[in-house]
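Each of the next two complexes has chain A plus one more chain, namely chain B in the first and chain C in the second.
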Partner chain A sequence: MEELLEQLADILEIDEIKPQDEFESFEDWDSLSVLSIIAMVQSKYKIVLTATEVRNSKTAQGLFELIKNKG
Partner chain B sequence: MTLYNPMDLTGKTIVITGAASGIGKATAILLSKLNANLILLDINEKGLNDTKSQCKPDDFIGTVDLTDESAVETILKEAVSIRGKVNGFAHIAGIPSIAPIKAITKKEAQRILEINTLPALYLAKILSNKKYKAEESCSFVLISSVYANVGSSANVLYTMSKAAIQGITKSLAIEFAPKKIRVNCVAPGFIKTQMGEKINHFFDSEHDTLIESMHPLGLGTPEDIANSIAFLLSDASKWTTGAIFNIDGGFCAQ
Partner chain C sequence: MLFKFKNAKISGVLTIVPKNVVKFDDEVNNYTFSPKQTLKLKKIMGYEERRIAPSGVCTSDLCEYGVKYLFENKLLKKDEIDALILVTQSPDYYMPATSNILHGKLGLKEDVVCMDINQGCCGYIIGLIQSFMLLEQPSIKKVLLLNGDVLSPKISKKDRNSCPIAGDGASVTVLEKTEYSEFVLADIKTDGANAMCLNIPAGGFRMPCSAETAVMKQDECGNIRSLNNLVMRGDDVFNFVMTKVPTQIEFLLKENNMTKEELDYFVCHQPNRFMLQKLADKLEVNYEKLPNNIVEKFGNSSGATIPTNLCYNFKDELLNKTLKVCLSGFGIGLTWASMLINIGKLDFCEIIEY
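This part shows the complex of A and B:
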């Protein structure tokens, strides 16, 4: 989880993200962030996510659960 | 009276990379109908066998990783010993890459170049050598993309690899003109292929509609690109070299 939080913070260009923070609350959350997350997850975890799945995951915790369930 | 066909490829031996699926497969089937002898290369053996079943029985198939230059030369050497010296190639193998700049890595950038771009150099280097090249007419065809001509978000690695193909085309066209080898390039718009399906998950469902709306003639088929490749490999294009053909349903006309 810690590694994922660091990668999400990097994508969203913020210092820190907490598991329950809503993606949409961040200024840099946009369609490119979704593509960045899909590319990052595919590269780091070899798991293929769809854009809809990433959007619906809502938070870092939600994304973590999604990756865990698809892994 | 025999029908006149300026795109007839009788007696010509042509190498096709990426022959197991999509544009490569459609090109193999079309060139076979034009009576070419084929050397079909891909990393996907099952797909190659399927393509061969729709071509001539004595066409050569070779399973090879195109990023391995020495393996490519070894298999071409074997193919030439069986099918004869080659009159041209079409480098069609390639992979997509969707990633915004903040998500890219040097490793991924190198991987995209190694698959999409560098084999064009290896193939041109090997097949321009007298050991492998037929004496008569010779034509090399490379595949770029409309995204080498227009910008596209989250597509920088693919764009880089396909823009490089256009540069390679023009440089080699000049370098090879004294050897009577023509080098041309096809830049396709969006084609419905397995490669396209591999990146569908990146986008919402509205994306398909948006992409289709960017093509005045609608999305293309692998056969639309195969037709232009066949023209460039045939003597019908004998005064064409260093050209970039946008075969894109009007995408770049806007």
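This part shows the complex of A and C:
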């Protein structure tokens, strides 16, 4: 989870993201963030996510669980 | 589907791009981007400049201009052409085939095979494979492969998914028989179940264009387009490229007992900088070996990005020596096709403006 939070903060260009923070509350959240998450999850965790799955996961916690369930 | 060819080669590549340059900075107000997002997109995706054909100019016009340039500069003789293949998704008409129209405009002899192939992103590889197959016939000594698209009229200016990368362009490639055994290995794969990942819903026989199909609507991501416009599920395309293309390239290398290090370059279709960098990462090759700079200079002209890539990045090398390259195209269809080929000492390799 720690690693995932760091990666997400990187993508969203923020200092820190908490597990319950809503992705859509970030100023920089857009389709490019979604694509960057898809690419990051593929290279780090070897898991293929769709844009809808990433959007529906809503938060870092949601994304973490999605990756866990798909892994 | 694995293909092997010998005794044939590419002898010249010409790329034709429209003079008209459209800059991302000038169009940024069409989309709902903050200034920060704009900067980020330029940096990550490589949005900068793209070439757009003037209204009314079709793919065939760029092709005709290119072939006539070769005739005029004595780089190609009219009577030597035994086959003319046009790979495009933007034909002049439903019927007749645009290759036949070009045959007439170019004044070619009667004894010529003409065919249109409807293919996009990997159209160049499909066209090369078709050309090599034709060259296996005793009566065919030289093939003219035309590949390009002018799809900008079909792309909504308010679709930030597709518009900032779209470019128009065409290419002319000459292939001929050789006496020595030049080796070519290629593979084509298809996933028709996902054919609609990239499509233009209206305009064919299934859904003819009407007043209704021209209505502009906003999608959930804020892109505005009509059913007459091109639509792309970008994430699906990205996932497909990352999972299928490296496997295909590795399969071809193994089939040829070759390592990545033995290849001089990976000359890939150019969808955007981001996808190409991720593809290079996955293939574990450095960015110099897999160029990603075509979208920023010319835009994505579907199949023609590979010849544009060859002419823009490797002109001097390709005129003077032979390179071992992997050509790779991927996208609409979904289709992905790659080719290992020795290419070089070309008669011509340049970009001209229309």
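FYI, the second predicted complex is superposed on the first by the 71 of 71 C-alpha atoms of A that agree within 3 Å, B and C clash if a C-alpha of one lies under 4 Å from a C-alpha of the other, contacts with A are read in each partner's own complex, and residues count from 1 in each chain.
Convention: a contact is a pair of C-beta atoms (placed from the backbone, for glycine too) under 8 Å apart; a residue touches a chain by one contact, two chains touch by 3 or more.
If you're wondering where the values come from, they're calculated on a predicted model, not measured in any experiment.
Colleague: Does the superposition put A:Asp10 against chain B (first), chain C (second), both, or neither?
Modeller: It touches chain B, and chain C stays clear.
Colleague: Return first, second, both or neither, reflecting whether A:Gln20 touches chain B, chain C, both chains, or no partner chain.
Modeller: The answer is neither, since A:Gln20 touches no partner chain.
Colleague: Going by the contact rule set out at the top, does A:Asn56 touch chain B (first), chain C (second), both, or neither?
Modeller: A:Asn56 contacts neither chain B nor chain C.
Colleague: In the superposed arrangement, what residues of chain A touch both chain B and chain C?
Modeller: Residues 32, 35-36, 38-39, 43, 48-52, which sit in both footprints.
Colleague: Could you list, by residue number, the parts of chain A that touch chain B in their complex?
Modeller: 10-11, 32, 35-36, 38-40, 43, 48-52
Colleague: Within their complex, state which residues of chain C touch chain A.
Modeller: Touch list, chain C to chain A: 34, 36-37, 40-41, 44-45, 160-161, 221, 233-236, 238-239, 242-243, 274, 278, 281-282.
Colleague: Enumerate the contact residues on chain B facing chain A in the complex.
Modeller: 98-100, 102-105, 108, 153-154, 201-204
Colleague: Under the touch definition given earlier, write down the residues of chain A that touch chain C in their complex.
Modeller: The contact residues of chain A facing chain C are 27-28, 30-32, 34-36, 38-39, 42-43, 48-52.
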